[in-house]
Amino acid sequence: MKDKEDILRRARVNVGHLEGVERMIERDEYCIDVIRQIQAIQSSLNRLSAKILENHLNTCVTTAVRGDDPDAREKVLGEITEVFQAANRM
Amino acid sequence: MKDKEDILRRARVNVGHLEGVERMIERDEYCIDVIRQIQAIQSSLNRLSAKILENHLNTCVTTAVRGDDPDAREKVLGEITEVFQAANRM
Amino acid sequence: MKDKEDILRRARVNVGHLEGVERMIERDEYCIDVIRQIQAIQSSLNRLSAKILENHLNTCVTTAVRGDDPDAREKVLGEITEVFQAANRM
Amino acid sequence: MKDKEDILRRARVNVGHLEGVERMIERDEYCIDVIRQIQAIQSSLNRLSAKILENHLNTCVTTAVRGDDPDAREKVLGEITEVFQAANRM
């Protein structure tokens, strides 16, 4: 994975923030503040997913689309539509 | 656009449903029912977008990725990451 | 409904924009531009829903929560959790 | 917080799953599988937020709405509209 270090770093930051949410709940912090913090993590996870997708498009997808195997091509393109549709439902 | 008739039909159905929301508001229907109906339309618009993306991947994107112009390739792949990231925010 | 005129106007604007999407598809406009326009409508529908929810909270929900019927109270609060959870999936 | 144990348990499960995503990235697992796993975590965070909101509605919101302070009432209701609108953008 290209940008692997950047992607890993983003994933770790989110683990840290989610542990922060755990502590907020333990300390009985105000519910709305906890929800806002969870929403901030979800936004951050969106950017993480987009980064991983960008990497995927420039490597596996490009290789498959340029390759000679129509099944491989169909598979990678179908997966993009699938995660796009799922993203809408997050 | 391949599947143009199917895509157009889906777009028209959503226009009809949104006109229905307008009438629900005019008739002072129960707020939660109006919100649920709007959410149903948003789900339907997600499927419409996914259908259009699927078509795009199989036509323009495939052509650009197989082509010899690195700028065109970068452009189409960047656009996919962009609409994916925006989808998460819908 | 308080703010009924503002809410109706917003609903109508979205009908108009969705008819615009229909025309974009008919004219074979660029897929990514169509998707972006659909995403803009979804954002606008989010604001419309939030406006309707705000109105609902200040009317029906306030009345039910201040009232003496525990079932009515439970019903209105349960509906808010429900549309909130559904919103996340849009 | 009522249901505090259930809410805490859900938060911890998500921390564990997000650490799993970190390991998937480290081991260079297939990008689409990583994205699907992130999307599953986002769905789970939605349910966590909804659970916290439900708790909030039944405690703080009910108290404020039944209370005599119009500013407190306005504040709690405004916050619900705000997190609802943000939820749509996740």
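In this document, chain identifiers A, B, C and D correspond to the written order of the chains, with residue numbering beginning at 1 in each.
Everything below uses one rule, namely that a residue touches a chain if its C-beta (ideal position, glycine included) is under 8 Å from a C-beta of that chain, and two chains touch if they have at least 3 such contacts.
Every value quoted in this text rests on a predicted model; they were computed, and no experiment measured them.
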{"item": "More contacts between chains, B-C or C-D", "value": "B-C"}
{"item": "Chain whose mean Cα position lies farthest from subunit C", "value": "A"}
{"item": "Euclidean distance of C-alpha centroids - subunit B vs subunit D, Å", "value": "26"}
{"item": "Geometric centre distance via CA averages, subunit C-subunit B, whole Å", "value": "17"}
{"item": "Inter-centroid spacing, subunit D versus subunit C (mean Cα positions, whole Å)", "value": "20"}
{"item": "Touching two or more other chains - residue numbers and ranges from subunit D", "value": "43, 46, 49, 53, 83, 87-90"}
{"item": "Touching residues (chain side subunit C, partner subunit B) in the complex", "value": "1, 4, 7-8, 11-12, 14-15, 18-19, 21-22, 25-26, 28, 30-32, 34-36, 38-39, 41-43, 45-46, 48-49, 52-53, 55-56, 59-60, 79, 83, 86-87, 89-90"}
{"item": "In the complex, subunit B residues that touch subunit A", "value": "43, 46-47, 49-50, 53-54, 57-58, 61-62, 65-66, 73, 77-78, 80-81, 83-85, 87-90"}
